[in-house]
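Labels A, B, C and D are assigned to the chains in the order they are written; within every chain, residues are numbered from 1.
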Amino acid sequence: MIYEVINLNPEHEATLTCFRQQVGGEFGNIVKRPAMIVIPGGGYQFCSEREADPIVFPFLSAGYQVFILRYALQKKAVWPNPLRDYEDAARLIRSKADDWGIYPDKLAVVGFSAGGHLAASAATLSAPDCRPNAAILGYAVLSEESAHEWEKTAPGLPEMVDKDTCPCFLFASRNDSMVPVSNTIAFMTALEKAGISFESHIYAFAPHGASTGSSAVTPPDALNCSRVPHWVDDSIEWLKDMLGDFGDGKMTEPKCGHYVNADAAGGFSLDNTVGYLMSDPRSRAILAPIMEAAQKKANEQWGGGEDSGEDRPGSAVGMRITLREGLKFAGAPEEAAQQLEAALKAIES
Amino acid sequence: MIYEVINLNPEHEATLTCFRQQVGGEFGNIVKRPAMIVIPGGGYQFCSEREADPIVFPFLSAGYQVFILRYALQKKAVWPNPLRDYEDAARLIRSKADDWGIYPDKLAVVGFSAGGHLAASAATLSAPDCRPNAAILGYAVLSEESAHEWEKTAPGLPEMVDKDTCPCFLFASRNDSMVPVSNTIAFMTALEKAGISFESHIYAFAPHGASTGSSAVTPPDALNCSRVPHWVDDSIEWLKDMLGDFGDGKMTEPKCGHYVNADAAGGFSLDNTVGYLMSDPRSRAILAPIMEAAQKKANEQWGGGEDSGEDRPGSAVGMRITLREGLKFAGAPEEAAQQLEAALKAIES
Amino acid sequence: MIYEVINLNPEHEATLTCFRQQVGGEFGNIVKRPAMIVIPGGGYQFCSEREADPIVFPFLSAGYQVFILRYALQKKAVWPNPLRDYEDAARLIRSKADDWGIYPDKLAVVGFSAGGHLAASAATLSAPDCRPNAAILGYAVLSEESAHEWEKTAPGLPEMVDKDTCPCFLFASRNDSMVPVSNTIAFMTALEKAGISFESHIYAFAPHGASTGSSAVTPPDALNCSRVPHWVDDSIEWLKDMLGDFGDGKMTEPKCGHYVNADAAGGFSLDNTVGYLMSDPRSRAILAPIMEAAQKKANEQWGGGEDSGEDRPGSAVGMRITLREGLKFAGAPEEAAQQLEAALKAIES
Amino acid sequence: MIYEVINLNPEHEATLTCFRQQVGGEFGNIVKRPAMIVIPGGGYQFCSEREADPIVFPFLSAGYQVFILRYALQKKAVWPNPLRDYEDAARLIRSKADDWGIYPDKLAVVGFSAGGHLAASAATLSAPDCRPNAAILGYAVLSEESAHEWEKTAPGLPEMVDKDTCPCFLFASRNDSMVPVSNTIAFMTALEKAGISFESHIYAFAPHGASTGSSAVTPPDALNCSRVPHWVDDSIEWLKDMLGDFGDGKMTEPKCGHYVNADAAGGFSLDNTVGYLMSDPRSRAILAPIMEAAQKKANEQWGGGEDSGEDRPGSAVGMRITLREGLKFAGAPEEAAQQLEAALKAIES
């Protein structure tokens, strides 16, 4: 392992502590690694050591090149200074991707409390070339109201979520009195509305700042519920779903996409929902014959006249599934799917 | 084990399938057991076998007396018929508590999809003597919009949450196209506002109806993310937190209460938040000297004039913590806490 | 689920309690299930309830048809009465395989303490048509010395292990004062010598009779180390490796065979070790040219004369790997492997 | 974290790579940490990188100060050179205990393959001031036969186990063709005979050199059974049992002792087995009245004459339990236990 501390911005006293692992050699199937930037919390007043090294270790175990970002604090934390520090870190890591054995399109970020605010800012507000590919937000400060409790100039973030926000893994404690759980709920609500993939875990109880929940970090009198430590392994498995796992000389294909379906991205494909495709006259024209046939078949099976479908229990689901799912349910042949795909793709040109 | 099927309501074709374990004898420390009612889903059209027996087994392993509720379906599912079936089941179980080796105040419910709607109805709408003590809601139908997709007369439930709603454990899949995840988010938002304890897990991806996520229930082509099966053990651990675990002849004390703090319950105690106590002139009068001393001490430590406290980063937290927490942070002696408790309790009389 | 108690042998007061799950229907991909016979312990004096139902539940969760065998006890336990009861059970289950939705070649057995002695007897001494396909032995009585402490006529079992013994999963506690851990070590030593697949877990500490180690079975003052409950899930995963998992209309292929390599089974194939093939003049003749080429190549790479190979560190390993592994290491083409396989198979005829 | 490489013995090219974590400060309850020496394998020919850094990370997560020992290899590996390197490392770490924030009596060692041979040598053959307090042996070379396959001068270790050997955690793969599982079985047999605490896990299948079994270390085509990665967390939990966990300013009390009972240590106490105490005339004289009373009581309960006890099923157990356990079973009052303890302790003086 190579351990190194890099000064990012002396004025901000911002640094990047690097933990870089070997690629190749005995790790023959690993030619590059994904990267993780760890952003400790501390109310923009300090960087908690309890959310620095102890977070690094499990991501090293998971095979990441890991970096701790220490960012502008206290009076220097006036916005957007901390975000600039993040951007400096992301640009440095991506520019060094070849030297440091990193996949530049597999850069994740994990932040806690105020560091979670900075991580979520990276996910929603950073320059396009600095955006992380996945973000883990631990008991994060996210709403404007909460952000202003710690740094008056820091922005509220749920309202900044849009289709360019990366997939997120959120965790929090229900009874956190320092940063209310409503922060996490508001952010996942925004992700839901924007069609972004996410995973979230809200644990019944744990004091603010639980970090990994391990006995090596948490004082023995902390009232953590037994599920708290699960976020560590769960987030690592989630990252495999989003970024892929170590395969034979390259990462495996991700199992989960950026969006829940293709609607948020625009365009027309089998991965759009039926409802989306039926709402545009051009794609509706392509789907119409299929929908009529399906309706007729359903009427034969379930009874009812031509218009009765809407009243059948569960009929609304048909608009929410993707066309690809629908064709699979209906047992449509592969060629039919390919023809539809071609027809849909042709719309835009 | 005693296995028995009881007819609850022949008109509804409602039944209760009982799986009752031994108490006492070789299970010397177990004199009674908590109980679990399993409510399968199926869009109020059928009761899924995949959400019946396979759910029973892990709760039997966890030591529960377990019951499957099969309730009014299809045309008979007109509201409130299914809720009446639940109430019949709950009343029967509580009335038989002694015979069946059950703690009547430790009755939980677990429901899936439409069965989750019924479980959440039990938690919010059932008669006072039928309320469960904890509810597990799996990819549940909860919003009015979603409920009406399956049964036009079924009520929306997030708006029914109040301080008498029991603690809940929710899980769902982010990309469920049958029952949108917004159902689960809306319900947890309501629980949050009402001050009710909860735990929630939203998994990145799984098709609707994942049940336990075990290979013994899920078809091999189901795209469940690896965390899906965790809800089973996690909910069992959560139930230990809420209802206690098997101890020496009785259940241990729960680690987690009904409410996040005492504000929702009304009254005055050390378990109210400081903000709540400061908002009522009677409790404010009792707290005032303590708050002034704390303010003065903080000013000495952090600098700033008498009024500057409000602007200090994190100062708002002081209103959100309970008085008990605050006294602990401040290192106040036990007697001081007891005197305050007595003074607060005396307010109401 | 169908629950039924069958009298196996009224004279022995032997019974089989059946827990049979649905196949087909909503469990569309499950046309049959593997079966598990649970054999409680109790020193051949009683059948412990703590090792009956609580063991059934997790194997039901895992998708098994599960049976509790209650066998001849006390004066009736004179050998081979209990083994006869097991044989009656195994024959009944296999004869009913079609009716009960069971794969007759996927019958496993799990026994505890004296029930572990009976399970291991099933694995080593039962009639050929009654042999289980996998056995789980929990803190089992196995050595003659220990067996005689409980039932004077019961045989010692490590000495009965041979190539027809089924694969075994063993677990025990290091500090068991009732049944010394040496029982488990002696049996796994015998399995090792016979070339049989096994898995074993010896936990640092737990009192005899820990059962599942769950708080629903274990009294709160029991000193179980935290790993004890792991045997349940671990044995279920092991069974998937040995018998396959639920696939699409049939079980998947096992990942692990009966033997560590093909030597124990006799015959000649790529799955024999190189040492075994070199020890018979017929197979040696086939291998000789390959071995010489490999030796020459190694000498070129590592230095040393023609005879120096034997002294090179690790050279003995070459005799222990299977020929299949060796060809893979050497990068031999698939056709070469097939020609060798054919030549080896031809020896016997 | 402080990262540093120290030259231990330039002639051997032996080095110690240090990963030292903060104590105190934000880790207020951690004033010192236990230490772990990681010893990679490689047949005494090289030190595998796959068994170096990837082993360090989880023990850092667990709160340890961690060190990689790179030791004398190839021609320099002539015995006892590697053991001398270990001794240099152990002495250095213990001498720096105060500076480096380490409990000198909580020094563990983990070794793999040939590194497991060196770790087991540390546990059995090193100088008294260098002995580790716990040893983790992963698919270790242990028998003389196996040791000589890699280094002709390396000793066989099962025969070196005695009462001064530290508690061990062993894991291995059943089908390891490089280092046969018989190595691990032989060593645990020796520990069993010597009365030493241990835990062992033999997994059904995994190729030699599985390391942590994580996808970040293991090539994607490795046939590891699903339990292989469990050794990491299991060994960390085992270490908590043996060395204690982080408490409030000091480590908690270990839950498990060096010996299974006090017999191996010599002397007389309640922690000796009844059989041991009955075999020495001095302690026998003290126990005799109690044993007679117990015999009489048992005869009353179970029937039988004065001499019939020996023939009662399970009667031999009474000699294997400790006197402390026996008094607890019998419900003897605490004062009686204290009087016996005093009488036994008085024997030796």
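Methods note: a residue touches a chain if its C-beta (ideal position, glycine included) is under 8 Å from a C-beta of that chain, and two chains touch if they have at least 3 such contacts.
Here the structure is a predicted model, which is why all the values come from computation and not from measurement.
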Any chain in contact with chain C as well as chain D: none
Rounded Å distance, chain A centre to chain B centre (Cα mean): 28
Separation of chain A from chain C, taking each centre as the mean of its C-alpha atoms, in whole Å: 43
Residues of chain D engaged with two or more neighbouring chains: none
Chain contact graph, described as a line, ring, star, complete graph or other shape: ring
All pairs of touching chains, each written as two labels joined by a dash: A-B, A-D, B-C, C-D
Interfacial residue positions of chain D with respect to chain A in the complex: 1, 3, 21-22, 25-30, 48-50, 53-54, 56-58, 60-63, 212, 214-217, 219-221, 240, 245-248, 252
Chain C to chain D touching residues, read off their complex: 43-45, 149-151, 167, 174-175, 177-178, 180-182, 185, 188-189, 192, 197-205, 223, 225-227, 230, 234, 237-238, 241-242, 255-256, 260-261, 273, 313-317, 320-322, 325
